[in-house]
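Input: structures, listed below.
Here subunit A shows up in two complexes: once beside subunit B, once beside subunit C.
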Partner chain A sequence: MASPRALGGDVHPAMGPPVRHLVSAHWLLAAIPALVLVVFFALPNALLLTVSFLKSEAQQLTGEVTLENYRFVLSRRLYLDAVIRTFAIGIAVGALDVLLAYPLAYFLVRTTSRWKGWLIALSLAPLLASVVVRTYGWYVILNRNGVANDALLLLGLTTERIALMPSSAAIAIGLAHALLPYAVLTIMGGLDAIPPNLERAAMSLGASRLRTFLSVTLPLSMPGVAGGFILCFSIAISAYATPAILGGPATQVLATAIYGFMTQLLDWSIGAALAVVLVASSLALLYLASRLGSRQVSL
Partner chain B sequence: MKAGPSPAWILLRVCVGAVYLFMLGPILITATVSFNASNRSVFPPQGFSLRWWARALSWEWLDPLLFSLKLATLAGLAATLLALPLAFALVRHRFRGRDILVALTLGPLLLPALVTGVGLLQLFQYAGLRDLIGLPALIVGHVVICLPFAVRTIAISLQGMPPNLENAAASLGAPPWRTQANVVLPLVKNGIVAGAVFAFIHSFTDVNLSLFLVRPGEIPINIKILGFLEFGFAPTLAAVSVLTIIIPLVVVAAVQRMTGLGDFLYAERGHG
Partner chain C sequence: MSKDRRPRPRPIVSRRTLIRGAAGLGLAGAAPNVILAQTPETLVVNTQGGEYQEIVETTVLKPFEKKFGARVVHDPTGSASQDYAKIRAARGAPGFDVAGLLTPPEMILGAREKLLEPVTEREVPNLRHCWSVASRVIPNVGVAHTLQYAAMIYNKEKIERPRSWADYWDPGKRYGERIRGHVINYNPANLLSVYALIHAAQLGGGSVDNMEPAWARLRAQKPYVGVVVTASPEAVPYFENGEVWISPYWSARSGYYIARGLPIDMLVPEEGVIGLFDCAAIPVGAKNKKLAYEFLNFRLEPEVQRAFSLAYFSSPGRGDIADWPAEFVRTQVTTEAQVAMVQFPDSEVIGQRRRDWTVRWQEIMA
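Up next is the complex of A and B:
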């Protein structure tokens, strides 16, 4: 391939191939967006980290460096429980979403229906509704006089109305519902990456459809499954709205505890320490995921 | 293969039907409740009434809805304008510090928005800029969390463009700015529009960041609904909830007619 220079590009020496010229061009392009990200993303998060190590009285920082905030968070039963509950819910949500999304994703990738495009759109449509909207319906289903209780009574499984919410299970179901499209999207990506020839080869060698699925398709789609699990888990552990709607004071999670400290109890240092616990655990998970070789977010 | 669907495929279809029901059922139930005649949010509905919709369409709820629309429009536009040069720099240039810039760009996608919200609240408070809490702080926060979506979408359309086209324009004597304006921009236009739409929707549906940056009178619709849910589940809130789906739906439908948003979701998966 002839370079533009060879084609007479020397008339405009500044042009050349778009890569190495104008030493400062890329920084010129990136300067303002980078500045915005440094000031309004990196700085606040760094500030948060700093504040979590400072002692504070009401909203005023005293400047005294301390580990007291972390000690407080990790020694109180209430907050320790919230941390554990957050992760338990995150794991449940990830597992539930992967299980529910897999058949749907497999169907959407393999179907030859002429409605394929519409079916994919339908499975992603819930993303247009905010989590608040997506959780509201679960209140209608799960409350004491709701559809779920009606069904349990009708089936004779219970003799009186029971409290299905507030509970951790209700939060997990609501979040699994809200995050399902992410798992579908990720697993579809994983399935799409498998060359169809491999399956045909397995079947032409005499493997049954089931055998082909179990020993070729399923193992090869695992990166997508892992990616879906991690995505749902990491969104679930920082979700606020669903735990706030379907949970209660007895089912605090990290997000609701942070909100409480920031807006009601007004102890920002402890709020910051809880936030750092949340960030550290979600980063640890992403690191683990990258070590396990699941596909990463990249450019 | 052509002998009709196998039993396994039929079983799969049943499973898929059940998953769709799980996915769409609660949203349809919310919609049904909003037309309920009863005072409580019950399903199946007891009678038909439009009074909850009449309340949802009062200024009490239209004000926060319009506020969200304004916020998402401003934040979406600003994020797209910032994302454009950033995506160019990251896709077209290899330079020292590029990895740091990539990490900085994708950071808001990896760190919980809730945490960034807490950090921004503290930043504004400790910097003595408490007065900016409300619309200005919300715009800034939303720009930050929407930026990765816009950058990735624009980057995908840039990567999909053959660089030869630019070289061709240059070799024919076009100065750099003309190449960018007449060759590159029209080709990545769809990517820019799709990026703006993703940013808009991400801003419009956000809860986790907005929670910490509101002030009375400057509250996005979702935070307002959330606040009222603490006092009970009045059917008005179901009507308002349904109302909030309509705006992103209209935006996506309108843009889908002009450009293929789906292509970018697909590509985004490929790169994810």
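Up next is the complex of A and C:
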């Protein structure tokens, strides 16, 4: 059989447009988002990285290259605590959202109710309200004079009003609520991709409902679960508004510390160093998660 | 059938000319709108927002529009440091022509980084009427149009009237255990916190050059602190619901909330107070500098000063205005003699040390 080139071009007669045109179209398609990524992500991050190595004197950047900013950030318990708090909150939010979202996503995928569309819309409805509004809802509930304290006193579980916020737990609760729809959507995608015949096959071979779920459904839905966890974790570690409102200045996470240095103290060197620590450590954790995920799949 | 190849008579108006003419007419029709959109008489002013938006629009922005026939676009976003961060990030072209609410640390930084336009009496004749101390506190890159100070406020339904800054820094000594959990403290990202810490240092014989006594006082006060915030407006709900009983607070905000019925009163402690100038400046990349200079001058006009000060509960930026209401004079600074009693610590030094102070504060309060 003659090759396409032997037929007078890069194209098989049945293939339609020449292959080189398709290839260049593919490159163009990839080039546009790549350009956006370079201009709006890679370049700003490169600038941030540069600034993190510049010395700052009296709130003003100098041209002097230094490692002092990293030494400042990494040698202080305050900022190490902020790093640990940030990632602990991220992991807690990811785990909480996956646990809460899974049963809901399972129900939404499997239900045959005629209200299915409405139920899905209802579960995503929190996204219609601003995260600031939702966070202030938690502020109303958790503050010293709030509903939670009223309930605890009424039930006799406490004898006086307690400070439920500012705290890391309050931040985790607020973020878990705000990000739940993302986990629901991602896990729904994972569950929807499982052919129902596999579950039927397992049960026809004698597996109980529980065994079918544990041996078939759950393992096959893990990409969705991992995706939901990573999505919620990534958004949680970079969130600003919820930690600022429910954590306050004495319960800092990296995002609020960066904001403080960048816009309140006008010390861009330290702010940039903290931002690099956040970006680098989150990329490392995400890389680790993807490696573990691929190992899981290969097993 | 053959076509007639005789040359056609030349049209009076060629097709190309017709298209050009139509395009020209179209542009001419659109011109008034284009010119209006780019009119040099539009001024973008960044200044107070929130509950103060209406006050500044009524007493300053609208009268300016009326006098100069200009259109003022009000940008009410950001605090002083956030606004300066915008100026710096945009290399002097932040999108507003006037930064109307900077404080001395940003003015000093703006002069050093050459991101704010110089201001002299040639462009702003009213500059000569400003408080004499203003020229020492801020460099010549703007005008100090408003004076306020870090007062002390207390909940008059819960505790007796404080006398000294020591009553705030050592609340247990004056009020006993009942005040535990009802004291507020502020992050030094807010100048209010910096000024309160300077008072704490002074109580122990220190100063901006020796803040150790302040850190000792902060550690001692911490068990009594129930609320910690950064921005001043964040504290208001706690004053309102009676959770906070004693606090340093800006005199202007204090007056505003007292007038609106919050259960608080304000005072000048016996050790005195530290003053803060609100300043207006022009970023170097401002589009309408001519009108921006006019705005700075207008901001210092006596009638504008009077209207704004009375509505904002702040002291004026100049001392030659008389006939203030008696109640206003009771809490405000209206004469050079009173200004002389207000402390103005070196904002250059504060700027240089604020980061270290903030870190120290965070380490104690975390």
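Operating definition for what follows: the second predicted complex is superposed on the first by the 250 of 299 C-alpha atoms of A that agree within 3 Å, B and C clash if a C-alpha of one lies under 4 Å from a C-alpha of the other, contacts with A are read in each partner's own complex, and residues count from 1 in each chain.
Rule of thumb we're sticking to: a contact is a pair of C-beta atoms (placed from the backbone, for glycine too) under 8 Å apart; a residue touches a chain by one contact, two chains touch by 3 or more.
The structure displayed is predicted, hence computed values, not measured ones.
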| item | value |
| --- | --- |
| Partner chain in contact with A:Gly156 - subunit B first, subunit C second, else both or neither | neither |
| Touching partner for A:Gly248 - first (subunit B), second (subunit C), both, neither | second |
| Touching partner for A:Met262 - first (subunit B), second (subunit C), both, neither | both |
| Touched partner set for A:Asp81, first subunit B, second subunit C, both or neither | second |
| Larger contact residue set on subunit A - subunit B or subunit C | B |
| Which of subunit B and subunit C A:Pro195 touches, first, second, both or neither | neither |
| Partner chain(s) touched by A:Asn145 [first = subunit B, second = subunit C, both, neither] | both |
| Footprint overlap on subunit A, where subunit B in one structure and subunit C in the other make contact | 59, 145, 262-263 |
| Subunit B residues touching subunit A - in the complex, by the definition given at the top | 6, 8, 12-13, 15-16, 19-20, 22-30, 33, 40-44, 82-83, 85-86, 88-95, 98, 101-102, 104-116, 118-123, 125-126, 140-141, 143-144, 147, 151-152, 155, 163-164, 166-168, 170-171, 173, 175-176, 179, 201, 204-208, 211-212, 222, 225-226, 229-230, 233, 237-238, 241-242, 244-245, 248-249, 252, 262, 265, 269-272 |
| Subunit C-facing residues of subunit A, complex | 58-60, 76-78, 81, 144-145, 163, 166, 248-252, 260-267, 270 |
| Footprint of subunit A on subunit C - complex, ascending | 79, 81-82, 84-85, 88, 105-106, 109, 112-113, 187, 189, 226, 228-230, 241, 243, 348, 351-352, 354-355, 358-359, 362-363, 365-366 |
| Touching residues (chain side subunit A, partner subunit B) in the complex | 1, 3-4, 7-9, 11-12, 14-15, 17-19, 25-27, 29-30, 32-34, 36-38, 40-45, 47-48, 51, 59, 61, 100-101, 103-104, 106-107, 117, 120-141, 143, 145-147, 177, 180-181, 185-186, 188-189, 192, 209-210, 227, 234, 237-241, 244-245, 255, 258-259, 262-263, 268, 271-272, 275, 278-279, 282-283, 286, 295, 297-299 |
